[in-house]
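The chains carry the letters A, B, C, D and E, assigned in the order they are written, with residues numbered from 1 in each.
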Amino acid sequence: MPDAAFQPRIVAFFCNWCTYTAADLAGVSRFKYAPNVRVVRLMCSGRVDPQFILSAFSQGADGVLIGGCHIGDCHYSEGNLKTLRRFQMLRRLLRGLGIDERRLRLEWISAAEGDKVRVIVNEMTEQLRALGPLGLPGRFEEWDREAGRTEAEAAGSEAREEAAHA
Amino acid sequence: MKYSYFPGCSLKGLGRAYEESLLPVMRHLGAEMNELDDWNCCGATAYMSVDEQLACVLAARNLALAEKAGARDLITPCSACYLVLNKTKHYIEDSPAIRAAVERGLGAAGLKCEGTTSVRHPLDVLVNDIGLDVIKEKVVRPLKGLKVAPYYGCQVVRPYATFDDAWNPTTMDRLLTTLGAEVVHYPLKTKCCGASLTGTLPEIGLRLTYILLKEAVRRGADVIATICPLCQFNLDAYHHQIEQRWGPVRIPTVYFTQLMGIAFGLPAKQLALGRSFIPFRMPSAKAGEAVAPRT
Amino acid sequence: MPKPRIAIYWCASCGGCEEAFVDMAEGIVGVLEAVDIAFWPVALDFKKSDVRALPDKGLFAAFVNGAVRTSEQEEMARLLRRKSRHLIAYGACACSGGIPGLANLFTREQLLRFVYEDAPTVSNAAKTRPQTACMDDGRELELPELRNVVRTLDQVVEVDYYVPGCPPTPKMTQEAIGALLSGKLPARGAVLAPDMALCSECPRRSSKPTDLAFKAFRRPHEALIDPQKCLLAQGVVCMGPATRAGCDAACPAGNMPCTGCMGPTSRVRDQGAKMLSSLCASISARDDAAIGSVLDGIPDPVGTFYRYGLPKSLIRRKADLPAQEAAVP
Amino acid sequence: MNAGAGTEIRTGFYICHCGQNIAGVVDCPAVAEYVARLPSVVVSRDYKYMCSDPGQELIKQDIREHNLNRIVVASCSPLLHEHTFRHAVEAGGLNPFLFQMVNIREHDSWVHTDHAAATEKAKALAYAAVRRVRFHTALETKRVSVHPDVLVVGGGIAGIHASLTLANAGKKVFLVEREPSIGGHMAKFDKTFPTLDCAACILTPKMSAVGAHENITLWSYSEVVKVEGYVGNYQVTVKRKPRYVNEELCIGCQECIRACVYKEAKFPDEFNVGMGKRKPIYIPFPQAVPQVVVIDPARCLQVKSGKCKQTCVEACADRRAIDFTQREELVQIKVGNIIVTTGFKLFDAKRIPQYGYGVYPNVVTSIELERLVTSSGPTGGELLLRDGRTPQSVAFILCVGSRDYRTNRWCSRTCCMHSMKLAQLVREHTGADVTVFYLDIRAPGKGCEEFYDKSLKDGIQFVRGRVAEVTDWAVTPEEEGKLVIRAEDTLAGLVRRIPVDMIVLAVGMEPQSDAQDLRRLFNMSCGTEGWFLEKHPKLAPVSTFTDGVFIAGCCQGPKDIPDSIAQAGAAAAEAMALIDRGYIEQEPNTAYVVEEDCSGCKSCIPICPYTAITFDEAKAKACINPALCKGCGTCVAACPSGSIRQHLFEDEEIMSEIEGVLSHA
Amino acid sequence: MRITRTVKYEAERVRGFGREIMAVPGCETLLSCIQCGTCSGTCPLSVYMELSPRQVMALVRADFKDEVLRSNSIWLCASCYGCTVECPREIRITDIMYALKQRAIRDGVYPKRFPIPILAKEFTAMVRSKGRVTETLLVMRLFMKANLMAVLSSWRQGIGLIRTGRFVLKHERIQRRGELETMLAAAARDKEGS
């Protein structure tokens, strides 16, 4: 059952020319959308290093949104095409890593499509809410609890063994 | 080709000539028409006026039955049924409330409607699936010299149909031309005939019908071709009342399927031409030859 | 002045790293002249108690290879950490998880069931599984517990230096020991291998074109590989561009692609992500479907990009596995 | 001036209220308080208007007093005010790139309603910027010189005015026009509203001036096919279509036209929107510039089949201006700025079949009527029905293809006034009854309301209601033989049927059908409607998102002649500002290879669309030419060993930003 | 001459009525209505209506519920959808008319002897009990409920139908009437429950 109170965190990488501008336009137009998105501005979606995406997930993002110019409209000719290719492989990789691929989204949003920003952010927020938290930092902690447990145990067993040898 | 077939109440009643001509024509073209098992009334405009959700549930039962039968296309000749079934599909998609009501209703009967069946009008199927080329090959008796006013009526082309323009549809025009007929310029082709009012408010309904008939006559048409059972009845059955009010505007109104049957050379009695109030005759070279039995 | 004492220990590894010490051949003589080996369970008969008996930091250096995946290995890692001045993660498994790290794609239960029950070569009708404790002849016997998660050495204890490779080459090993003994050491936490990608030392480097565009990917067994030409130029996924140099490009020289055992350069946080980024950007296809069919040539992205580094990658482990699983009864 | 390595980072943080724009939603003092406690932050303040002079002064003062070496401002979009604050930082004695901006207006207060959530978001974004800015280093902007020539694309009134403005200021202009003559739509008009002065009288002198100006190179019958480079340094390829007439040699005597083997003009004439006729060899209209004939390759026998007596060549005699060997030619030019004035297309009235355009001969469009009332038009200025009668009653239908969700949503802005002008001309020419069907009369321009008033007083009837349909079927005797309009007179609340002789459809304006191609060509954006998008609707109305590319006239949106000319002047001024300064500053966001790290794997080289990356064979390293690099960063993301970096967008900067936005709920 | 006072007071508005109608799928664009009158101009029946379709839209938007529900306009709508396809704001006017008809029937404010709502109710009743409609029987029921005189004026049609073999006196019906009843009951019950 999706938790309605859960506030998903979305890190968005928006290209300077189209999607960032579209998000500005959404602002100028006063379109209202969910406050769950945090935008990191890059000059081109082609700058989005897959490390950024994995890093965002590993630091607590529930979803990552990449926004670029429509294919054919890239300010840098074909940066977005490179993003598209990486994105496709990343989705396959995420599947392999047990992360629902819907958590990573690539959208082409032109400078004029302020409303699309609103629609996509709201849609994604809802979808992530339905998927529930990814919560990797918490998982890392949980995973490491079993190792942490032995710290005390180790000391204890050492003492026991020493006592036995003595 | 196999199609599921939803006749609707009219084609079993006042509009039975439509069914009686549609089925032989489809058979002649090699299309199999399987009547949907235990179909129910679509609800028409009346049920929508009373309760929209229940009207959709009612209509959705037919869609669900068609899906259960594995039908890809459901042929729906009556304009009202065609509109209501398509509208129901749209509403189920667009409105969560209606979708929920439909799911509840159908669920209670162990049915479900996922929208996999397309609701198609025979005109659309004939022209866009079977094709004018195939139809042309079957024409043995071209309707040479017959001037036809193509009358589509209101509901079939709007607002859900995608196979033709809402204001100036041309599918039947092209079909009639293929049959060898001459199509007259008839700008009233999608004007409402007032059928739903003729019974209840005759003054209003009859006037709408009168204008349609008058303009068809004025533009030199020999016959009006229609694709809706209600339109056919309305344009055909009230000549007496109309003439009393505005003078004679006598012109027969037939189903386009009847004209197809004639062009295909099917026997007249298979085409139910005798079911009209105003008999239709081919103005053929052998003048005076009646296609329809005299009454 | 007594010779510095060193320890060599293995955790979850294949033994190849132990082999690497031996592979120093006559080089080992020089090493043995310079140091005393105080602990090397594979080769010499020392006991854990001997290590315990040492004063803290009593070892000059401990070389630990293998990933950490049992309670005993954790314990030993901690012990050696306490006893040594320099703790060295030796080999790909200790540095980044290595092949054993791929177990992070499964739960412990899945692993045990496969190994003890489902594997086609196993005959175990009683479904016997290893137990952490059992009674035998009235004596309680103990086995270490298998952990849910495979860890790198530095995910358990602090590590001073890393010697990567699967296994590290004798040359790297000798150089590392030499550096330790001479005291000419880089900053703590450094990898004792060149901080540059493998292409710099690859014999095929000059055959790589400057206009590479992948039309398809092929796995090594699917193609007759030209022994001279850059493997990537032949559509074979070679991790060389994203992998540290230092191995003298042994695999490409042997007509096999680099699979990334040396790990990334210091500037890269996630080797797999970087390789993916570089590789995919240069696919020639331009639409979804075509790109998809090129990517089909890499059927196992995790295994391809993280063969030696899953536990050290940003995601570490298949994320949808249960975090905790009941300990083996 | 710069904080070197090892220097303590001392950050100043400023959050702007932007009046109530930000502070109305985001709790600015709370954010400032939160940031004040972050490591490295020395000063944290909130202020009403950071972009104001006192706001900027605050930054400068703090830099000096608190020895700040990093500045973060949380306010509006960096696309709006990044430059402002960088200047302030620089004026305060710090390198301008030791600054980071946080967008909490467009991306926060304006788009969120939940105050608490918006405040938390502002904190997260501020935290991210404070973390990011630690990694910033001092950078220098690059200066690139600006080529002084300008390209103007489109020779309508906007292009003409922009070209003349620039040329009169001594700048060299290339004016490229697709049609055989400049003049555009305005050349087809009879008179102009609201002054009723003759369009030709005011346009023709400007057209001639273009043709004669020594600073203007006019290439008519030509199209721009390729644009490369960047602001200040564009290389443009222009396709010159063969007109089969040498422009240098032709003197416009038109003897060739008279001599053409086609004795009668029989082909529809573009200038009269198909209502007049021309020959295969023709001059577009009497005042055409250049005054040179053109041969229509689709009609000319010689071009089509090579079998013609070539009587035109004979008539041209020893001027030898006609040249059937002409071929399409590609010409390359260098310019520093481009002004796009490609205009609009008229709505095709056939798309609304209810109005019977193309069915009923006496249903015409406004531009057809324009030609029918002009003395230079096909009827010599006599307004007649198709059967030769003079109309007794004429109706205008407004908003045809405007304000309609099914066709074009926008208001075409000129149709109200244009129709009133035509209505007055109709009354002048014929004395017919004129009825104007309108939705709303929009007459906001100077003198326009007065013109509306005059129209009312002249007895033109205005019916408020959108016409439902035009038919030819009669209900009453007076409707027989007429076109019948059915519409609700919404002010009277009555459905009316009105028979008339002629109907004029006031067709709206649409983006050119190839607007999308042009947009790509010049790297511009289009709004959802397809009009070229200005950089800012108020502050940068003629700029585009590509520096050095400006727009003017109707390609940006429907407008009348005065507005088109005003924009054209503005665009020319913008271009001149760049030319006269002589250089432009480029963002120092280029990528660079750290040579000692590069393994020479060559993975980056095919990634770059600008061939800025080359392989240095001697060093066996990749090498980036900063002059060619545009700063997209795609190669940085692609370098598998992390050996390519990008100024302003370093990995550490972005990573710390990611960490920052996530570290706060 | 009778003089009536026509001022509208705020109290006469039924707040939320417009919003309720706009909740019908596709009708939310009613907010963008620019009162252009295309609907009225297109409507073949607007000339008979007390309020033109445009006025109906204006009154709905302004929450004047009674004025709209009591007018004959909604009952004269013949569902030809002309207005819906012609509206430049893509407002589904026909569907709004349906929504108004439903509310008028629900609230019982339609003209009592007016045949159209009676037809709708009779039709609905026949469908619910038989699953199908037999037109001739439906018309006869209608005439009996609404206007006996109409039977007399329609005798020609009756005779014609008998002559052309279309006068049906036996009810058309479906086999699984229970199923239909279950469905409609389930949908209706839950609707009230929710």
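Going forward, a residue touches a chain if its C-beta (ideal position, glycine included) is under 8 Å from a C-beta of that chain, and two chains touch if they have at least 3 such contacts.
The structure presented is a predicted model; accordingly, all values stated were derived computationally and were not measured.
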item: Other chains in touch with both chain A and chain C; value: D
item: Any chain that touches chain E and chain C; value: D
item: Chain pair showing more contacts of the two, A-D and B-E; value: B-E
item: Reference chain B; chain at largest CA-centroid distance; value: C
item: For chain B paired with chain E, centre-to-centre distance based on mean C-alpha positions, whole Å; value: 22
item: Chain centre separation (chain A, chain E; CA means) in Å; value: 52
item: Distance from chain D to chain B - Cα centre to Cα centre, in angstrom; value: 50
item: Geometric centre distance via CA averages, chain D-chain C, whole Å; value: 58
item: Touching two or more other chains - residue numbers and ranges from chain C; value: 268-269, 274, 277, 281
item: Overlap residues in chain D, where contacts from two or more other chains coincide; value: 354, 607, 634, 637-638, 651, 655
item: Interface hub residues of chain A, defined as touching at least two other chains; value: 46, 49-51, 55, 82, 86
item: All chain pairs that touch each other; value: A-C, A-D, B-D, B-E, C-D, D-E
item: Complex contact set, residues of chain B against chain D; value: 165, 167-168, 187-188, 211, 215, 218
item: In the complex, chain C residues that touch chain D; value: 195-200, 205, 208-213, 240-242, 245, 264-265, 267-269, 274-275, 277-278, 281-282
item: Interface residues, chain A side, partner chain C - complex; value: 46, 49-51, 53-55, 57-58, 81-82, 84-86, 88-90, 92-93, 96-100, 134, 136, 139-140, 142-147, 150-151, 153-154, 157-158, 161-162, 165
item: Chain B - residues contacting chain E, complex; value: 9-10, 12-14, 16, 38-41, 43-54, 57-58, 61, 83, 90-91, 94-95, 98, 101-102, 104-109, 111, 154-155, 158-159, 166-167, 190-192, 194-197, 199-202, 204, 208, 237-238, 240-241, 274-277, 295
item: Of chain D, residues touching chain E in the complex; value: 354, 399, 403-406, 439-440, 464-469, 486-490, 493, 495
